[in-house]
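Attaching a single structure in structure tokens format; questions to follow.
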Amino acid sequence: MVKTILTRRALLKSGVITAGTLAMPSIVRAQSVTEMTMLAWYGQAEPDAVAQFEELHNVKITPKYYVGGEQMLALLAQSPPGTYDLIHADAEYVQQLVRANFVEKLDPEDYHFDDFYPEFHKFPGHWHNDELYAVISRFGFLGISHNLDAVSVKEASSYDMLWDGKHKDKVGHFDWHLPNLGVLSLRDGNSDPYDIGGDAWSKLQDTTLSLKPQVRGFYDYGGVLSSLKSGEVTVMPGIGEWITGVLRRDGANVTTTIPEQGGIQFTESFSIGRGSRKADLARKFIQHTSSPDGQFTLANLNVFPAIIPSKVGWERMISERPDDARHLGIFKGDGNSIDLIRKGRIHIRQLPVQQDLADWNDFWSAYKSA
Amino acid sequence: MTTLISIRRLSRLAYGGLWSLPLPLWLAGFFLGPMILLIWLSFWDVRNFLLTPDFQIENWQKMLSADYFWAAYLRTTLIALSAAALASLIALPCALAISFFLGLKARMVVLGLFVVPFFTSYLVRIYSWQIYLTENGIIMKTLAAIGIDSGSLLNTPFALMIGLVTLTLPLVIVIQSISMLSLDKTLIDAAYNLGCGPRRVLFATVLPAVRPGIVLGALFAFIFSFGDFVTATYLGGGKFTTLSILIADTVKSGQQWPRAAVVALVMIATLLISALGAISYAYRRA
Amino acid sequence: MNSLTDITAARTGAPNPGDKRMSHAHISLQNIHKSYGEALAVDRLDLDIEEGKFIAIMGPSGCGKSTMLRMLAGLEDVTSGDIMREGQRINDLAIWERDMPMVWQSLALFPFLTVRENVEFGLRMKGVGGAERRSRALEWLGKLGLEGYANRGIDQLSGGQRQRVALARCLVTEPSVLLLDEPLSALDAHLSVQMQGELKRLQRELGITFVYVTHSHSEAFSMADTVVIMNQGRIEQAGSPEDIYLRPATPFVARFLGGSSIFDCKTRRRKNGELTLESTDGSFSYTGPELVEQDEGDEVSLIVRADQISIAPGAGWAENEVSARVVGEEFVGALVNLRLETAAGTPITVQLQQRDMQALDIEVGASVTASWHPEDGHIIKT
Amino acid sequence: MRVSPLTRRLTVIFLGLALTFLYAPILTNFVFSLNSDRFPTIPLGDFTLEWYRLILADALVIDAFANTVKIALIVAPIATAMGFAAAYADYRFNFFGKKLVLVFALMPPLIPLVVIGLAMLAYLSRIGLSGTLPAIVVSHIVLTSPFAMAIIRLRFSQIDGDLEFAAQNLGASNWRAFREVIIPSTKTSVLAAFLLCMAVSFDEYAVTWFVGGLEETSSVRILSFLQSAVSPRINAIGSITFITSITLILGAQVLVLRRLTRA
């Protein structure tokens, strides 16, 4: 069985080579520029993100953008190893990538971990059996995103405001159970929002269901942006600066507040795809993303801004982009992003610990049509 | 003598085979495989978020016993039926106008105009509808200008119908028109000569004669609406969980492709039965 | 009934291999068998069609008449048997090699072509040049009274005009055989009668063979030289219209043609050579032409045409008498068809003049006596 | 049809309304592709060609667009030809298992695309065809040919079944009768089927995303913009597709019309 697969792979490879030889223009290109492939969320391989690296290493990065970790995993499972050199994923999915053997081991020495805040030296989701599989690129917080014309920062300092009668039919949801149930779990007072027992789980379900009369709709990325912008909804739990930062660039009067009860953290990272034939180049790319230059670029991506783990990167943000830095919580002193993490207000988004993921999902489906 | 027979039979077989075989062969090569995989997939297991080939009926039990599944099933059927009926009703006068009231040139141009929207990405068109329907959108502002206070129309059944009719109307009109244009005009003249009024002619002569076109148009509208994901997401605001949305949601619960496959297979069965029913009705001798 | 003198009897029965070669038959169907799986459409059929004759094939629907025509045209394969044309076996010729144009029941005119282009079609397939095609097509359109319609579309023509275009389309190729599959069934009665005359005239003038399938008695009997009556895939009778009318070969034919009364009888020969027929309705004497052919004790059907029967209010008028009840009447112009029923349930049809009917003064339900002369009637062995 | 002028006028007005309805989103799409605001809200921002500049400078968008056209131009003729063959076979011949084959041939459009995408990928990668343009072409033909078959079969159901035999009866061979009768009778529906196949191929994104690997079509591009980078670039791509297609289709019609009027 193994043998036949190997033969087929060999065949595939030779097929690829033949195809390459036949297509003359690509040879010409191949002589001058190396191509590297990246499986990523949208925006990670746009010119603003990779142009600098491409020029430096005479490489062209060809992206395959996905719109959900499940699609990404399914695609990888059905593609020959080596199809994707770089894989960009959220922390929850890195564990699944590792378990499915889709990514290569990394050497921590290769990357600029010294520049990072200590919290990110050994970020839990990226290590497995004490081996490194992914390097954090950037992260963000999820709390309450709100239109400042309708909801003040002070008002948004507690999740309880979501139930306020004056916001009836003005509350929107990003259509994914993990962040939404995470923040509502914090509102219920669970210290670890994703590690909750049976009682807390059923209480969380009641809490969530009681919010339904306030809810206008469930939106995907695009829908979240346009509904907040148009005023269709004025407040959304479980999203963050990754949305409001984009809208503010377009002149919308919106922001994200992390309420007293706490917020959720999402994390993006890069890994090297199993069987990559350009692993060296991929390693160089990840090195670049962890460097001060790369970190500064990542904080300001067109697709959406995010917090970076690099102290050196912070310095540059504060001096060069003070306004954007401020909104991201990148500033010196009390209440900055790292401070929030250290105070224990921020909890990493993860899969439910005591319940089956399917249970959370089923409940979310039921909630949507309730 | 016998060789002559066989040569003639052979050449006839070859002629028939040349027409009968390509599509079935192509589908056998590239569609049967995926279908079998899909059916097999519905019996797989998901362990540690990894799809594992297996043969267990738990996925079927789980989905078919879930209330939310049947609620979504009913909702999807209702939405698709309404959309098909609505699109057919709107298409009918249009197809009549195209086929009987327009000159040759105008007819070609108008049919062309109905075909063009197909080519402008459906995703883009639905995205564009949002600006009409949303809070402070074009419709709301227009209505406000004449003193009517309407809320946002987004995430309402109305918005769903707008989206689905956008998707299906051109196809239904084109199918109905093809059917009407190939109608024998003497049939209509004969009806008039028998003293039928325009209404009788329409209901007793034209409509029965173009029944295959009407039924087929409605069937396509139903199929498209039943499987639609885009309108339900962008204009329904995720509040109307259709089966397609349920599939997407199911996949989100940690690689539950097998359960999604169950939903998909139920959808396929439903559509297949509707299609066979509609087609046999369409071509039944009146 | 008709004035045709040119009567040609077609052969029936199994062909004799010896005289097959001698036959002057233009087209000859020999022991033709056609089945669709289990269903038998044509059963051991033999038929010779002579050149230049108008032959009409009729029978109830499903009798195999259309199948036979389609086999001639090559639209259906024969399961077994031979189709011969001028001595050549043509079973294996493709449709387009048979050169037997057909006028279709649906007419099958090409809607995307003009009238002239329709007529030119066959010539074009034969490779006839443009100018000649055009003049021949126009000539035929002229012959059929369609001058001036050459550039019209098919859907701008009336039913009768379409009929003529369909004819012109076939005849323009100057075939020696023309197949016609119920071509007049879509026309109204008046037009149909007019076309019948025209078809017969055309066939006479051109001298080509017409094979005409129809379910209409009037069409068959008014035009054909030979009428073939089929039932359940077999030929019941083939002969001149007069022959068939006067001497139906089987009770089926008599019943199919209608207008006759049929009595099932057993023969008994008297000393004087006269024949007595015993039936459930009584005994009848017979002195007609088939007298000599009958033996004692045969099972036969006695067929008496409606115009040979007279009725009276009481008995005692003639030798062959049956009492019956009037069950229905139908007026056809100056004639009346009376339907009677005997005590044994045998239906009897009587044809009377309108004024005789008035003189008799009978109504439905009345008891009457039907009678006929011993020399009338026709006996068929069953 | 003979109806009162009023009915006629009302029906034509209704037709106009239906067209307006279908073109309303296309119109706003145009407007917002020229609007400086990133999110489509009224009142409008300033006039700008920035979004067009952006996508025309975006190699990925250009590649995706080229792929889309390439794929549609290969898919549409093949799918139409196969759909036609199947429709003609159904109309003309009877063979064992015909119904079964037809049911099978009708199935692809019934499949929810979200899931068949994965199944297609799983299958195509097993036969060594995943992640390539041919993979997209192969699956698009599967998805579109049933539409072609249905539309052309609809036309066949209205053609007198004797026509082709009438031509043969007048001396046309199988192929000649096909050319003389079947082609003229079905050409409009074949054109419609061809356009529909192209359109479906243009619009398809779910299966394409899965089986295409690194190869993208413009609808896959639009989907990724829509789901993670909402911007008027979506409108700009939509407008360019619209202008291209309306030019092609109306252009083709002008050609056809000119030939008709000359004939």
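Order as written gives the chain letters A, B, C and D; numbering starts at 1 within each chain.
We adopt the following convention: a contact is a pair of C-beta atoms (placed from the backbone, for glycine too) under 8 Å apart; a residue touches a chain by one contact, two chains touch by 3 or more.
Keep in mind that this is a model prediction, so the values were computed, not measured.
Averaging Cα coordinates per chain and for the whole protein, the chain whose average falls nearest the overall one is B.
Among the other chains, the CA centroid farthest from that of chain C is the one of A. Of the two chain pairs considered here, A-B and B-C, the higher C-beta contact count falls to A-B. Averaged C-alpha coordinates put the centre of chain A at 36 Å from the centre of chain B.
As a whole-number value, the distance joining the C-alpha centres of chain B and chain C reads 53 Å.
The distance from the centre of chain B to the centre of chain D, each centre being the mean of the chain's C-alpha atoms, comes to 14 Å. Look at where the CA atoms of chain C average out and do the same for chain D: the two points lie 55 Å apart.
Contact of a single residue of chain B with at least two other chains is seen at positions 127, 130, 136-137, 251, 257.
Counting only residues that touch two or more partner chains, chain D has 40-41, 118, 122, 174, 223, 226. The set of chain A residues touching two or more other chains comprises 71, 74, 220, 222, 226, 230.
A list of each chain pair in contact follows: A-B, A-D, B-C, B-D, C-D.
Residues of chain B that touch chain A in their complex: 48-51, 66-68, 71-72, 75, 127, 130, 134-137, 152, 154-155, 233-234, 237-241, 246, 249-257.
Partner chain A is touched in their complex by these residues of chain D: 37-41, 58, 60, 118, 121-122, 125, 128, 130-131, 209-210, 213-214, 216, 223-230. On the chain D side of its complex with chain B, the touching residues are 1-4, 7-8, 11-12, 14-15, 18-19, 21-26, 28-29, 32, 40-42, 81-83, 85-86, 88-89, 92-93, 95, 101, 103-116, 118-120, 122-124, 126-127, 138-139, 141-142, 145, 149-151, 154-155, 157-159, 174, 188-189, 192, 195-196, 198-199, 202-203, 205-206, 218-219, 222-223, 226, 234-235, 237-238, 241-242, 244-246, 249-250, 253, 256-257, 260. Residues 73, 75, 94-96, 98-102, 104, 106, 108-112, 121-122, 125-126, 169-170, 173 of chain C are the ones touching chain D in the complex. Listing the residues of chain B that touch chain C in their complex gives 1, 4-5, 8, 184-186.
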